[in-house]
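Each of the next two complexes has chain A plus one more chain, namely chain B in the first and chain C in the second.
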Partner chain A sequence: MKEKKISPIDLLMLFPGVGFILLFIGSSIFLTLVQSFGLFSITGKSVFTLENWKAILQARESMDSLFFSLKMGLLSSVGTVVVAFPIALFFRKGGTGKGILGSIIKMPLFIPALVAAFLILNLISYSGLVNTVLMRLNLINEPLRMLNDKFGWGVVFIQIWKNLPFVLLIVMAALASIRDDTIDAAKNLGAGYWSILFRIFVPLAMPGILVSMILMFIKAFGDFPIVSVAGPIYPASMAARMHIMATIYQEWDQAAVLGVIIIVTAFIVIWAYSRFAELAKGEV
Partner chain B sequence: MSNLKITNLTKRFSEVLAVDNLNLEVADGEFVTLLGPSGCGKTTILRTIAGFCNPDRGEIFFGDKIMNNIPPNKRNTAMCFQSYALFPHMSVWDNISFGLKMQKISRQGQKKKISQVMEMLGLEGLEKRKPGQLSGGQQQRVALARAIVTEPKILLFDEPLSNLDAKLRVQVRIEIRDMQKRLGITTIYVTHDQDEALAISDRIVVMERGHIEQLGDPYNIYRNPETSFVAGFIGLANIYEGTVVARDGSRYTVEAPFGKVVIVSDGRKIPEASKTVKFVWRPEDMKIYIQGAPNRVKGKILQAVFMGNITDIFIDVQGNKMRAQIDESRKLIAGDVIEFSIPEDAFSILRG
Partner chain C sequence: MALTDSTAETSLYLIQARKKRNFYLLLMIFFMIVLILWVGIPILMAVMWSLVDPKNPWSYPNLFPPSFSLAQWKYVFDYTNIGRALRNSYSIAPLAVLLSFVLSLPTSYVLGRKKIPGKKFFMLVVLLPIIMPGMVVALFLSRVFTAFGLSQTFFGLVLAHTLMSMPYMIRVMTTSFQAIPQDVIDAAENLGANTFVKIRDIFLPMIRPGLLAGMIFAFTVSIEEFNLTFIIGTPTFETIPTILFSFMGYNFIRTNASVVALLMMTPNIIMLFIVERFLKSDYLAASLGKM
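For the complex of A and B:
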């Protein structure tokens, strides 16, 4: 069949959506990029320079922030999928009570990230509920430091809690598309529970798993509110570092460098995902 | 000894009684078809044999071993699904090797068996293709290869040909039967297609509403149906009721709404004189009347459909509709009056 040509009317109809993206998002990405090289600076100056990049790449704080954000992105995305997958498998088969359970699980989806962080704060703070219970049960002698910990486990925990329903929806949709016949065929050919899980469910749900991991990674990598509340005192996340650079040090062009690094990282992750997805499909 | 035995099998899905106290024995290497309309319980029986479905009551035996509590992956059955149920993310080779991997067969052993099966089913050259890149017929063959490569104790087919076009259906069913005979695997085949059942089976189990209506070889099922359901479900049928008015050895005279007919039947089925009987004959048994032929019926043609090798005729005999299929070459026209005869041994007495 011959492909239909796009008419001027089609383009006109696309304009409100695509035009907005190109105009405002595209232009702001472009401005951030040129500002990182000293052009069209917010301060009014416009001189090409590599000094901003040098300053950021040579500063230990920036590199620590980059690695910290990468770590948070990776752990949060893997963690959320690992937690969400068994729940999604459980929900794959309908049953009594699953409707209510599903609604409860989806609740964090409607709570803003900052509020979520404060809610979890009450649970895992030094004198929070988890520590109190563990102490009462004599399982620990002194409270665990789960919040503002140096590693960032508190952030990972909140990220997983906050984003679980979102990932759950994607993974559930991926699992729902697997036919019961396919599972029965595997059982019939002698596959036990683990074989079915790793040879059928996981590979067939892989597109959904990859999409949720990439979205989660980008969210957690560029996160500001959760790290601000529950993250370590040092290092700051990339977004927090960008905020500090711009508002405290007034180094807007260096903040733009950090912005470019966040955007480029996101693009690299998306590219890696698309390669991996093709590889999983066997098209490479 | 029978290879598969089902005793008193009952299965209910909420309000629906899917299988009602069913008993069946299948001999080693036998090809048995479960035939019936949608919802008659045939697929439930198949799924129970495979272990996907637990019976409410009754037992499933493989040989003398009771299988009720054995999970599907430990039963050594192999099923071909209506949807083929191939693993979409795996190549043809990986699909076929799946069962062998589960059996922990060595790589070398897998290679040998898979190559043999692929050659037998004409799948060479498709090893690296994904199911989505295959035609319906090829997918069906891969499903078949995947099932037989594990050398199962029992092979199960759930309407495996219903997604193929008519020509391919005939071709694949011949292949299935050939392959089954060659390997001698006990096979249970589910279908609602009577032609398929007649062509492929050693025995046919005709089912309705969860119970067996009749069990027998294809010839008997077609020639000697026991109930009006079987007569009507398999092939075309003229079914009438009449009263036995006279008996002469194995010849019975029955007063039917369209006149008297003489029926030759084995005495087992015919009730005593003056009792009502239901009987059936096939449209192809009706012959154009020639002098001296028995059971002469005269009627008006309502419709005559020329179908090439035969002409399908609907006739009205004193207000009673009948169907005849004859290989008469002359053109028959609606409104013509025509005389038929029905051979005395063409009738079957029905029990209900």
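For the complex of A and C:
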């Protein structure tokens, strides 16, 4: 049955979808790469040079931005999965009212990221609901700074709120494929709640957890709008820095270097994911 | 005597079971309240901010605005570009969905039904628009677009939105093509069905739910697309996300932003409830659950 060659007709049918994506994404990756070395430059002479890389790698701002973006990506992806997992377990078994509850919890999936940022911003801003309630309860004397804070907790919270349903859907599907027999068998053999959780649910849902963490990490790592609205004043995220570099300083070549760093990080994360996925498969 | 013993034992079990059930019920009610607050409060706050009366401003320590009015809504429609942004958003989205459907259909068919070498590679390639960080693609794609004379044009924006929505479309439709059992197709062929009959009676009905799910994902992706629109479209074409960004930027006007935020999410949420039954978690999970 196994064919080794693609028939011309299949190739022709693959082309509209795969070709369209490859054409646009491929050309933008190519441009980012060559511009970072000074070729195809639009601002200066087009000669091969490592000056841009030097300039970016020596600037303290770029290292700060890289570190900040990595932190946001890691905290958002881990945070979302940690919040989503118990909810997914709760939804694993059907029950009264869970249908409508499922729709409500899915709502943020359909709320655009910027709107989500705005909704949460109303809660956590300096004079927002959380601060007002805490002050009125006399729990704090002065409003807490949760928005545009130095660490970036505001951004992490927005990312978790917005992406929870997305992760939830993927993890729920992974949990749904676990059969009750497995759990009953474990119970009969004397497994407690914790060992069922950590030795059945978590490992069997691992592929779903990993994929959702990957997608979340890339989203939060490369994010521009949420960080510019809710993030700290300094450092900017990598994407925001790249945007400023290109549009305000008109240093397109240096922006390209930042772009390459973002792309390479994304690919490293995906590679690490596939290694992890293989490991997880080997163990279970 | 033995009888009463066992009855007592049974009732003890019953009491324990009831206690356990009560505890479970309590836990579930608590969980439900938390979930409803988790989603409900942020939305409620936006609704209240959009209804603030400009004559009676809402400030600390009031938990609720002192009076409500529709003045903010009127202001936004009278003095900002929101009307044009709405028109842009809702005319780009259907075109992008249509274009991505047309482009995705043959590709999904091949990926879902044919045995071809390098399928894993192609499946990863179609995910590229999601995997690639949006701002990088936006900035450098804008150079490509400028070279082809596509930036700051309506058609360019449609192409950009198509690009961003295609991963969902292709992945979801591939999954539905895969789910068609080969037996059914073989049986139809044995009974003499030609290609047209096969498409009409097997493929179309069986991929319809997946197709709808893909279209819904593609539509919402297009409505909320920010990075590419911001770089390629502004200032000629404003969509709802870019106008909201401008309200949230240097001159932050909370009331205006609330109105725009509500305008942007209400249709999406209505759509979510209408299409809930097509949106079984399997679609997204099955199509994105593997890389």
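Here are a few things to note about the model shown:
As a convention for this text, the second predicted complex is superposed on the first by the 275 of 284 C-alpha atoms of A that agree within 3 Å, B and C clash if a C-alpha of one lies under 4 Å from a C-alpha of the other, contacts with A are read in each partner's own complex, and residues count from 1 in each chain.
Rule of thumb we're sticking to: a contact is a pair of C-beta atoms (placed from the backbone, for glycine too) under 8 Å apart; a residue touches a chain by one contact, two chains touch by 3 or more.
Small disclaimer: the values here were computed from a predicted structure and weren't measured.
Annotation for the three-chain superposition on chain A: chain B and chain C fit side by side. When the two complexes are overlaid on their common chain A, residue A:Asp184 makes contact with chain B while staying clear of chain C. In the superposed pair of complexes, A:Lys54 makes contact with neither chain B nor chain C. By the touch criterion stated above, A:Arg275 is placed in contact with neither chain B nor chain C.
In the superposition on chain A, A:Met13 makes contact with chain C only, not with chain B. In the superposed model, more residues of chain A are touched by C than by the other of chain B and chain C. Within the superposed three-chain model, A:Gly208 lies in touch with chain C and out of touch with chain B [touch as defined at top].
Between chain B and chain C in the chain A overlay, the least Cα distance found is 5 Å. Remark: chain A residues 179, 181-182, 184-192, 195, 199-200, 203-204, 206, 280-282 touch chain B in the complex. Residues of chain C that touch chain A in their complex: 28, 31-32, 35-36, 38-43, 45-46, 49, 59-61, 63, 102-104, 106-111, 114-118, 122, 125-126, 128-137, 139-141, 143-144, 159, 162-163, 166-167, 170, 220, 223-224, 226-227, 240-241, 244-245, 248-249, 254, 257-258, 261, 264-265, 268-269, 271-273, 276, 279, 281-282, 284-286, 288-291. On chain B, the positions that touch chain A within their shared complex are 50-52, 71-79, 81-83, 85-89, 91, 98-99, 102-103, 130, 146, 150.
If you check the complex, the residues on chain A that touch chain C are 1-6, 10, 12-18, 20-22, 24-25, 27-29, 31-32, 35, 42, 87, 90, 95, 97, 101, 103-123, 127, 129, 132-133, 135-136, 161, 166, 169-170, 172-174, 176, 207-208, 211, 214-215, 218, 221-222, 224-225, 228-229, 239-240, 242-243, 246, 255-256, 259, 262-263, 266, 270, 273-274.
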